[in-house]
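Next up, some structures in structure tokens.
What follows is chain A paired twice: with chain B in the first complex and chain C in the second.
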Partner chain A sequence: MRVLLTIALFCIAATPTHAGIFNAQTATLENGLEIVVIPNHRAPIVHHMLWYKAGSAQELAGYSGVAHFLEHLLFKGTDHKDRPLEAGEFSKIIRNIGGQDNAFTSTDYTAFFQTTSKQHLNTIMQMEADRIRHAMPPEKHVLSERAVVIEERNQRTENNPKARFYEQMQATLFPSHPNGRPVIGLHDEIQKMSEKDTHAFYDQWYHPNQAILVITGDITLTEILPDIKSIYGVLPKGPENKRHFPVVPNFEGKTTITQHSAQVKQAQWMRAIRAPSFHQNKKQSLALQVLENILDGGATTRLYKQLVVESKMAVSISFSYSADKYDTSSIWISAIPTESTSMQELESAIETLLTDVIENGVTDQEIKEAKTRLKNAAIFARDSLSGPAHIIGRALTTGSTLNDIETWDEQIETVTKKQIQNVSDIYLKSQNLSEYRYVTGYLLPEIEDK
Partner chain B sequence: MRVLLTIALFCIAATPTHAGIFNAQTATLENGLEIVVIPNHRAPIVHHMLWYKAGSAQELAGYSGVAHFLEHLLFKGTDHKDRPLEAGEFSKIIRNIGGQDNAFTSTDYTAFFQTTSKQHLNTIMQMEADRIRHAMPPEKHVLSERAVVIEERNQRTENNPKARFYEQMQATLFPSHPNGRPVIGLHDEIQKMSEKDTHAFYDQWYHPNQAILVITGDITLTEILPDIKSIYGVLPKGPENKRHFPVVPNFEGKTTITQHSAQVKQAQWMRAIRAPSFHQNKKQSLALQVLENILDGGATTRLYKQLVVESKMAVSISFSYSADKYDTSSIWISAIPTESTSMQELESAIETLLTDVIENGVTDQEIKEAKTRLKNAAIFARDSLSGPAHIIGRALTTGSTLNDIETWDEQIETVTKKQIQNVSDIYLKSQNLSEYRYVTGYLLPEIEDK
Partner chain C sequence: MRYILSILTVLFFTSPAFAKDRFLDIQELTTQSGISVWLVEDHSVPVISLKFSFKGAGSFVEPNEKQGLVQLLSNTLDEGAGDLDSHDFQKVLSDNSISLSFSGGRDNFSGSVKTLTTHKDKAFDLLQLALTKPRFDAEPLERMKQANISRIKQSMTQPNWMAARLMNDIAFAGHPYARNSGGTLSSLPKITAEDLRAFIKRELSSERLVIAISGDITATQAILDIDKIFKALPRIKRDQLFLPLKLQNKKSVTLFEQPIPQTIIRISLPGIRQSDGEYYAAKVMNHIFGGGGFGSRLMETIREKEGLTYGIYSGVSQMAMTEIFSISTSTKNETAKQLVSLIKQEASLLKETPITEQELTDAKSYILGSMPLSLTSTNALSSIMISLQLDNLPATYLDTIDQHIQAITIKDVQTVAQRLLNFDNAITIFVGQPKDIAPTQTITKLPNVE
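Up next, the complex of A and B:
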């Protein structure tokens, strides 16, 4: 029941696959449910995931956190006439058959997953299919679970100055846009959320035609499709909802946010930049993925080498870009200055480094090494049981096609030096009178009283 | 067909009335239509206004500008079976009977109004009642009117760096909140707006139970009520819609926006501060209204006297607070520095002046003079024909009661020195580690190339 904060996603952003190597097998049921099966016969276990194409971005203004709260409530009982479940019984059954289960919510999707031995797959499918339309938590569980979510928010955000700062950066980067709202929701909006609010979201978005079933492990599509049909196929198709996003306006003002907090011991410099997702602009997104790896692909790549090892201005530095968003995504650059370095010196050094990339481009060698690292990561991801299911679910729910995923390595190979310089020029420039796509943040220890 | 930008509202914010002097006469029809009549027999003319309790704040994310666009479309024809109107015919009829008409849209309301001689009041009521439910502009007019709205936006905003800057300030001050969106809408959202989108808004909000009819002039309620009943009373009651607002999150970061523009000749300093509306917090709002007048009530009040006349640091300075918002409102402080004054010097001088108010309070004499000026303004407003209708419509659609309006001068009288110091302390502090309610903006001429 995690909230996947965008910042967490960076680490595993778009690490797709080898053409024909996932060998994903697919089908679509008549009720619209998409099915993806990736056989992996190393052990007699399966990873079963149901992804909904709805997350916090589909919440109405004033109801932030509904998608995540609903995800919690799906563990609080169902009212299926033949197989009703008590609160908590779902996970208890999974544990009793030696399995594990959990769920997570992000901006564009909500996913539920279980890992068990192959022989229990049908039991799991039956239970998961039941709660697509039969989740019906009793009122008392709704209220107690709301307290759980608020506590989750307290621990994750309210008591963490960096998380609070991140929330403000997001809100400022995406004004009047759902990507600017925290996935877990704002405290005061969660606090007044009712069962009725979660049910409205449930009724709109939880239907087979808005979901993707991904199964990896010791199974093939041919083998499991009859069971999928008899279990998931009987559910009726729901309404056709389109995901609608507001426009992110162009702004010409350069925005900075400065936060002092007694809880902050180490200063931190951050820059968040709006950038296209893969769904919005495939070519630019691919170039940004290579650029990300050139700048921050390891100890020998530009940022770390120049600012941590050589000039010793930063204790740490990172550059992250997430391709997997349905609407506008972002780049985050974050650095912690060394004790003798001021924020302004650090900012200036980072901007000089970026200007060098914009003006002089990157080297052929850097591009080659980055592409190799990216493709190795994809090969590595294929080897795990759950990895491919996560990669595929995330990409499909954010507007990629299976072909995009299967041929990702070939597409990465096509990225040119010129394309990288082009996206650098568009997204990494620090001076731009006609449009500022970024917000710069200074998170600092408390001001000393004079 | 004006868009009332909030900044324009400041000038006439909450200038209500004398108890028993408006002598507003009221009634409510069975279909929910509220009626307010203010007799004024100086001339045989009437001012007829229909106010809807819906504006841009009721737009769904991604559809900014729908409320205002719909207001335009109400002039583009109706399909009433007995009295259909062609596009433009509404205003033509009004002109032909020697009258004038127009409309405006703001965050919390949309209003349509006409001024004519008394004998034509029934004609006007009939036409206005017809378009509550029968506006049906042909597709070709929808598309051409959309071009008109885009041109309106171009002239008002796109070609005006100050307006573009104001839009960014608003968006940053109210993240993920409708008050942060421009009433006229974002260019790219207006551009793709369809008749279907405006109709959804129309069907939700244009009903007698979401409207207030205000008539001022040579008429009494007793005289006109039978006609109002026979004309407006036959319309069916619509759905009960509640206005729902997202929470404005507390942020601890101090936000600044710096914009350089070749179109800007004179630098401008701005600070926008979130503050409660009258509807949200009556006591604080009343104190803020007196405080506003103490700081910026004329040439002898604090801001102008100290910064323009005495220290000569500013060419002009203003402090405006709007009480008339349904949800969170704002204070805007704006100043243009003299040529020899830097932005930082000006900001520091303004902050020093505000700190003096917070720490030492204002004088009894200042309070007395401000209250007198405010009450005189109310008395003055009563004398016009349309003034009272605007004041009452705006206050009622933003959550005030008629009693609030009629007794406004008595309530202003109760504001104490301590209350003024209290709101100064909450809203005007420039250093506050636990919450920054404000955004500071620097609008500057273009940076010279080095």
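Up next, the complex of A and C:
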């Protein structure tokens, strides 16, 4: 393979070392593959990840779960003419060199990763590069793996009333939008899926120009770039695909889902609100990140302090907002009422608290403390081998730039009180709206027969 | 030989935490007041992790009618100490991004502090205060009881939790280990602040303490800090309660019916202790049988070939007073019986037919080669040092694993398989609606939950 090394040499646009949270180093190959290397010399090991900018959001209607099923099938062998692999051989090779490997699929990305000692990096790069275009699962493995995926869905979702409820909330929040579909797919759609279906997805999305290579560990870009070029650089560029999303109209009225289940012993209140991702609206997303921390940054922040410690309406409460989506993201508020509190009382207490934030804003002190916690979290994020690779891969595949990630702490610092009040007003308001962007859910124990 | 060579290069690290001639450069220190502490220095990120355990202060010593006492202690110890009430205590933690937490296991009571170097003194002061002057104010105590009760009710929807609870109750019947260490709906309300104080006074003695510290701190500084934190603790020399336990209810098959599409399957067999001459053979055997995830025989046959499950794992584990070989998996209700017979078939094969030379080499290669992969955060370094001390192993232990594992032969693996994989001794739990299973007992209500 070394003879191919020179081919890609002249076509690299490497940028200088980037100063920031992770000090990541970056380059782009001529075939469009983006490369990020985060040196971490604590131990002579590396974490190697290949991220594709495609996930369940790119599936066609009726084929939910194709992206995830394909992820499974990428472990079922390759038909590269010089280096074919049998089904399952990929993981066995990794294991036998003392390494670990796996993969995951989400709405906007699919990622494959391995952790091994540094000296095996080229071996795993070669195997990963080969399955970008040469995955070829035999028919019998496709069928048995489909059964495995159904068992996975059973284990994750069908066994668990909360997971089933979450799936309904998600579908209601994003009507006819791919973010409303479960990543793993619907049972009846997985059941009839064939290799032809996964292959169409594979041919459309698995190409170097739609992928990002992230390597973290005992390595630098300068050291590894020649090998990356000789291994990944020889792959041809694929078609240019645009990720396309439908618009979700706001609701004209309040939407609620109530579900009673014999399996449920503890009632739970949930509200999901559509909100912009970082990719859609940087300013609002940063303000939402600070707001999230002001409301739910610990035991002394607003939600827990007021509703769990002081008024005793809730046993627990959480507020979470995810910035990492290519298209529309969401805020989830979830709470468990105390024995003596009804769902209606809990809901009205939460709405009152949110109204207070909207009308009176948050304090300068709260903003300062939240920003400090967020900036400290950025330092802790470096204390890991795989963590930074995951953060960077997730952000880049959902439309952020490396500069956005490296300067995240500085951008958080710029968020103003006014911006926080503005996003509160748009996204947290529950009454007197002309358009609604939220769904409220009540998950309840079975109604007792009198 | 190729693999063996690569293992040696993995084992001997060159970065600061990993001295040239040792797997991990653990410094064994003694403070001025005679407290011992293990340290791994690593200044690559400005983070310090301190972990400690009081041996024998776990839930097995709590009174039967006060199950959950140790759990509740772990929840309330950081809820106010000295002049700081719950809010003020939590506020200092939050404002300085200090993670301080306690946890109660069956055998031990443990604590953990993770802090940025800049906030080390504050973090250690708070820990010292929590251990010596906890307040156990009525408000946080009640709040934590409610949180635990709610957690139990939420667990009651999780079939995996149900299976684990049942296994403890049945396999450890008659022993304190059989109790519910998380507490029950009726035992938690009975626990008082006095109970917590009495427990601390009786059990949290520096005589039982093991301590590990890692990260951005020098030996000189660590010695001073450890003394400051722990020297005021009482030094009570008491005999530890020791009730050796043989697994109970062998040959039993217990069914707990749940309205779910899958059956959760757990099987326990008598295990093996680390001090046993055949322990390393058992580690290798387990890796080949079902311990290694992909590539293990159980995973290959039951997931990869038959498509019956998303995951199947076996494991060797020990507690202070007993040891278990366990298998856990799940499958659709229709195939529960088939899956169990496949497990037994694989066990028979391992007992009757010697493994291949390649399988042995591959297993050794993985076990040794993967050792450093998890040691990539400051927390992981202190965790491994605590585990070694809790298992009464020397700091040099990690350097000796290589020779122990390399010495294992094909015959050793077969012998230990014949000793351990004896399904006549099995304790089996099914949660779900398995078809064609003949249980020896059917449970309609989970023991020790309400």
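Assume the second predicted complex is superposed on the first by the 427 of 450 C-alpha atoms of A that agree within 3 Å, B and C clash if a C-alpha of one lies under 4 Å from a C-alpha of the other, contacts with A are read in each partner's own complex, and residues count from 1 in each chain.
By definition in this document, contacts are C-beta pairs under 8 Å (C-beta built on N, C-alpha and C of every residue); 3 or more make two chains touch, one makes a residue touch a chain.
Worth saying up front: this structure is predicted, and the values here are computed from it rather than measured.
In the overlay built on the shared chain, the residue A:227 is in contact with neither chain B nor chain C.
Of the two partner chains, chain C is the only one that A:384 touches; chain B does not reach it.
When the shared chain is aligned, chain B comes close enough to touch A:257, but chain C does not. Of the two partner chains, chain B is the only one touched by A:177; chain C is not. Looking at the shared chain after the overlay, A:315 reaches chain C, while chain B stays out of its contact range.
By the touch criterion defined above, A:79 reaches neither chain B nor chain C. In the superposed model, A:425 makes contact with neither chain B nor chain C.
Counting residues of chain A touched by each partner, chain B versus chain C, the larger count belongs to C. Contacts of A:168 after superposition: chain B is touched, whereas chain C is not reached. Using the contact criterion defined above for the overlaid structures, shared-chain residue A:351 touches neither chain B nor chain C, since it reaches no partner.
Overlap of the chain B and chain C interfaces on chain A: residues 161, 262.
Taken in their complex, chain B has these residues touching chain A: 60-64, 161, 164-165, 167-169, 171-172, 174-178, 180-181, 186, 188-189, 244-247, 249, 251-262, 431, 433, 441, 446-447. Listing the residues of chain A that touch chain C in their complex gives 40-45, 75, 87-88, 91-92, 95-100, 115-117, 119-120, 141, 143-152, 154-155, 158-162, 218, 262-266, 297-301, 305, 308-309, 315-316, 336, 338-339, 369, 372-373, 376-377, 379-380, 382-387.
If you check the complex, the residues on chain C that touch chain A are 3, 6-7, 9-10, 13-15, 17-18, 42, 44-47, 86-87, 90-91, 93-95, 97, 114, 116, 139, 143, 146-147, 149-150, 153-154, 156-159, 258-262, 264, 292-295, 300, 303-311, 330-332, 362, 365-366, 368-373, 375-379.
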